[in-house]
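What follows is a pair of complexes built around chain A, which joins chain B in one and chain C in the other.
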Partner chain A sequence: MKELFPIKQINGFVFSLLLTVVALSVYFMDMSYEWGMTILLITAFVQAGVQFVIFMHAGETKDRDVIFSTLFYGVFLALAAVFGSLLTLVWDMM
Partner chain B sequence: MKLNNTQPLEYSTEQNKINIVGFWIFLGAEIMLFATLFTAYFVYENRTGTGPTGEEIFILGPILINTFLLLTSSFTIGLAIHAMRINRKKATLAFLGITLVLGAAFLGIEIYEFMTYYHEGATLQTSGFTSSLLLTLGTHGAHVTFGLFWGLAIIQQIIKRGITPQTANKTFIFSLYWHFLDVMWIFIYSFIYLKGMM
Partner chain C sequence: MEFFERFAIPHPSPMIYASMVAIGLTVIAIIAGLTYFKKWGYLWREWLTTVDHKKIGIMYIISALLMLFRGGADAVMMRLQTSVPDNTFLDAQHYNEVFTTHGVVMIIFMAMAFIIGLMNFIVPLQIGARDVAFPRLNAISFWLYFAGAMLFNISFVIGGSPDAGWTNYYPLANNEFSPSVGVNYYNWALQISGIGTLITGINFIATILKMRAPGMKLMKMPMFTWTALITNLIIVFAFPVLTVAILMGTLDRQFATNFFTTTAGGSDMMWANLFWFWGHPEVYILILPAFGIYSEIIATFSQRNLYGYKSMVGSIVIISTLSFLVWVHHFFTMGQGALTNSIFSITTMAIAVPTGIKIFNWLLTMWKGKIRFTVPMLYSVGFIPLFTIGGVTGVMLAMASADYQYHNTMFLVAHFHNTIIPGVVFAMIAGLTYWWPKMFGFMLNEKIGKWGFWFMTIGFCFAFFPMYITGLDGQARRMYTYSEASGFGPLNMLSFFGAGLMAISFIIIVYNIYYSFRYSPRNVGDDPWNARSLEWATHNPVPEYNFAIAPQVKSSEAFWDYKKNGHQLFKGDIKDIHMPNNSGQPIIMAGLFFIFGFSFVFYIWAGVIISGIGILACLVYRSFEKDDGHHIHVQEIKETEEKFGGAKK
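Moving on, here comes the complex of A and B:
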């Protein structure tokens, strides 16, 4: 039975629950918008990293360079779309 | 068919390796799909018109339950892949089954949430905020729904054919998809729900 629950996966699970709770602090604690967003950005991206590397085994074969290039390209375009649109459509209107 | 025994079964043939890399490239495109939805949401977040705002319709309880369900299902499908790699067919099937049950529970709560939104007057047509919100959540929910049927087909194939290079490859790719949905949910949890209730 024990061999079915590797410690790496259990640690990953506990760590991801922990990150969820840390993110939850922005709801229960009284903090500024900037601090709240900083905490959420850090917890969300670390959480994504945990999933990709621990659970999805992104780095375990020699195809890792292709996999990480695709991921970083996707994330770069995602950030460009989100922040570019915020910059031109929301922030300059305030 | 050339078998390489130094790596797990799902990578054991050239075709298998290519399938996995190909699926990662698809996931890269999925990141961009969700990025466009998040972009629309962030732009329209405060355009609530006469409809409700996020603070008025978001309820923490179901959101936390859903986050826990999806995180746990991501963990159990990780265990399924581990069991598959040490060639434990029954354990693999059991963990896959638990994953799908958790996924179905997630979907049930999400449908209940959508009904609550509807009764509170937040529909696709209400405001820029509600339409981009429901479109983003709905796209994620549709992915989970598709994943449930995909997972059932995978379970059926493992029962029928056992753990072979082909079924192992399919199961691994399904696990990539499922973990990816969990990642997208984390972003919904952080930047739609928690940000909206902050």
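Moving on, here comes the complex of A and C:
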């Protein structure tokens, strides 16, 4: 019975609800823009990690390496797109 | 009647009306022909519902050839218009529509379809698989591409063509400056076929990673399969950006949002930025499979193994990442500072390095090889110097400060045609000629093929080299005419002459297909070119199940091992083979997508809702459908193999 009970998933679910509450608090509480953004960014990335690892079972099969390398490649490209665009269109725009 | 007014063409001309009639007559002729010869059933059973990667590949290639014809006709019209100063063959509006259509058709519906077609046919054979990982999805990919292509192609007779360039820059592409439905067509056609492409990307990654023959490690894959893997990886990471950007553009035009507007917080430059974040990887999506094709052909006809396999793989892997880090080079002049431009200048030049490595690898493969100048090899040998010129002018453009001079001139047009024609188009024709016996069981005539090659190559040089000069002299691209005093006349006439030669070469190539179909001998054997990789280890033409027994592989040249080193490819006995069933759903669903897109283009909400529900219904049906495929039994396989003259290798 113990093996069958998805304790990991339940914990994950509670944890991800918690993350949502924390993220929501940014809206309801009175805080500076910087603080709000920091909280949102951190909770968003942790949330995504929880989804991938716990609910989508990344890392539980032989394909572990393929899955994580594509994941990191995707993150890398997303960051390149975001910061490249910021650089081009905002920071360095004459 | 009011309802139908929206379908009128905003800027008509006798030529467009003539095309309308021609299209109508062709459709009637096709329907009548199919009915008269009672071919509907055959067409439906064997082609429209097929999930066989080989047939899907062939359908992609046929569509691509049709699109090559359409795009080529546009090209000749443009060159005709600019062949003499102050010409009035096309007016400014028509010229805009023609170059927009030409660009989109050639990149999205011709080149993409051609390489995906070749990939479809060849990759499963090269890795010794029975089909792709998701055959049904593969059919959906094709039909979505086809629906998108048809949607785009009818725009010039129903409602008006897009006219904001294949790059579709905002604010030009917004409702104020492009009031016709043309840009809506652009959005929906690209969106629909883009979904198909994305699905292909996922499908082929899964296929190549999961379905290789026993013994085929990653580093033992044939080079074309390697390039296909990397290309599909780029597709999966690049296409979503296009999808989202086009969606934002659609929302701007059809739902009054402000993503790419110049007011209310929108940024028109964001479109250019996103477009090229997809667009530059896109040019590598096209060129990498071409590199793969050349690698196969050069090794085969130099009768040597590919020189520097590892460095080849290394360079395509590096290219795949670098190709995402250079996009700003397409808009050095947009107003960002020197720091940004320098960064992207350097990344752009860096990409020339792995490309150069590959050029040397091909040269060294030919070095000491016993070269046979067949048609595919001629194209490959022609490719090397011509593509190098394209690469060198690319590096010239990559110098940001110099690009202020070249940008938006004919010099740029010459550059990218110099990479795309000897790079991608030559590869497509070379690959088609090379694998033709694999597809149809007979060879294309070599003599006629060589005529085609020379017309194409010489035509190319005449058509595009003059543009480097007029570009440096200041002739801007996308201008429908120029004055006598500019002095651009003679060189543009030369360019028109070259375009004419290329058109002739297309006719020669098509004639060659017809001629060879009629007269080529059919008993060419399984290995007409003395080739090296696994796709040649099965019969010509390939039976439905590809390989009766899954092949054993020890190197990237398994078939060569078998021929020269006594390697045994097929061990064990023939067993029942499990194959997927045909299905009519993909084409039906794509038809619904076509209606969906068409209705959206014209704001016909009833059509949008009904076809949208239809699409969802297809998805639901598929989710609950039970389809376990079918088995081909041992007896039947043995009979087929017997017909081909025995299975054992």
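Keep this in mind: the second predicted complex is superposed on the first by the 85 of 94 C-alpha atoms of A that agree within 3 Å, B and C clash if a C-alpha of one lies under 4 Å from a C-alpha of the other, contacts with A are read in each partner's own complex, and residues count from 1 in each chain.
Criterion: a residue touches a chain if its C-beta (ideal position, glycine included) is under 8 Å from a C-beta of that chain, and two chains touch if they have at least 3 such contacts.
It should be emphasised that the depicted structure is a prediction, and the values quoted were computed from it without experimental measurement.
Engineer: Which partner does A:L18 reach: the first (chain B), the second (chain C), both, or neither?
Structural biologist: neither
Engineer: Look at A:T61 in the shared chain and tell me whether it touches chain B only, chain C only, both, or neither; answer first, second, both or neither.
Structural biologist: In the superposition, A:T61 touches chain B alone.
Engineer: Applying the touch criterion given at the start, work out whether A:D92 contacts chain B, chain C, both or neither, answering first, second, both or neither.
Structural biologist: So A:D92 only meets chain C here.
Engineer: Which chain makes contact with more of the residues of chain A, chain B or else chain C?
Structural biologist: The partner with more contacted residues on chain A is B.
Engineer: Classify the contacts of A:A81 with the two partner chains as first (chain B alone), second (chain C alone), both, or neither.
Structural biologist: In the superposition, A:A81 touches chain B and chain C alike.
Engineer: Based on the superposed arrangement, let me know which partner A:L71 touches: chain B (first), chain C (second), both, or neither?
Structural biologist: Once the two structures are laid over each other on A, A:L71 reaches chain B alone.
Engineer: Between chain B and chain C, which residues of chain A are contacted by each of them?
Structural biologist: Residues 66, 73-74, 77, 81, 85, 89 of chain A touch both chain B and chain C.
Engineer: Mind pulling up the chain A residues that touch chain B in the complex?
Structural biologist: 3-6, 9, 12-13, 16-17, 20, 23-24, 26-27, 33, 36-37, 40, 43-44, 47-48, 51-52, 54-58, 61, 63, 66-67, 70-71, 73-75, 77-79, 81-82, 85-86, 89-90
Engineer: For a test of understanding, state which residues of chain C touch chain A in their complex under the given definition.
Structural biologist: 209, 237, 241, 267, 269-270, 273, 277, 324-325, 327-328, 334-337, 339-340, 343
Engineer: Given the complex with chain C, which residues does chain A contribute to the contact?
Structural biologist: 66, 73-74, 77, 80-81, 84-85, 87-89, 92-94
Engineer: Within their complex, state which residues of chain B touch chain A.
Structural biologist: Going by the criterion above, the answer is residues 7, 11, 17, 20-21, 24-25, 27-32, 34-36, 38-39, 42-43, 60, 64, 67-68, 71-72, 74-75, 77-79, 81-83, 86, 88, 91, 175-176, 179-180, 182-183, 186-187, 189-191, 194-195, 197-198.
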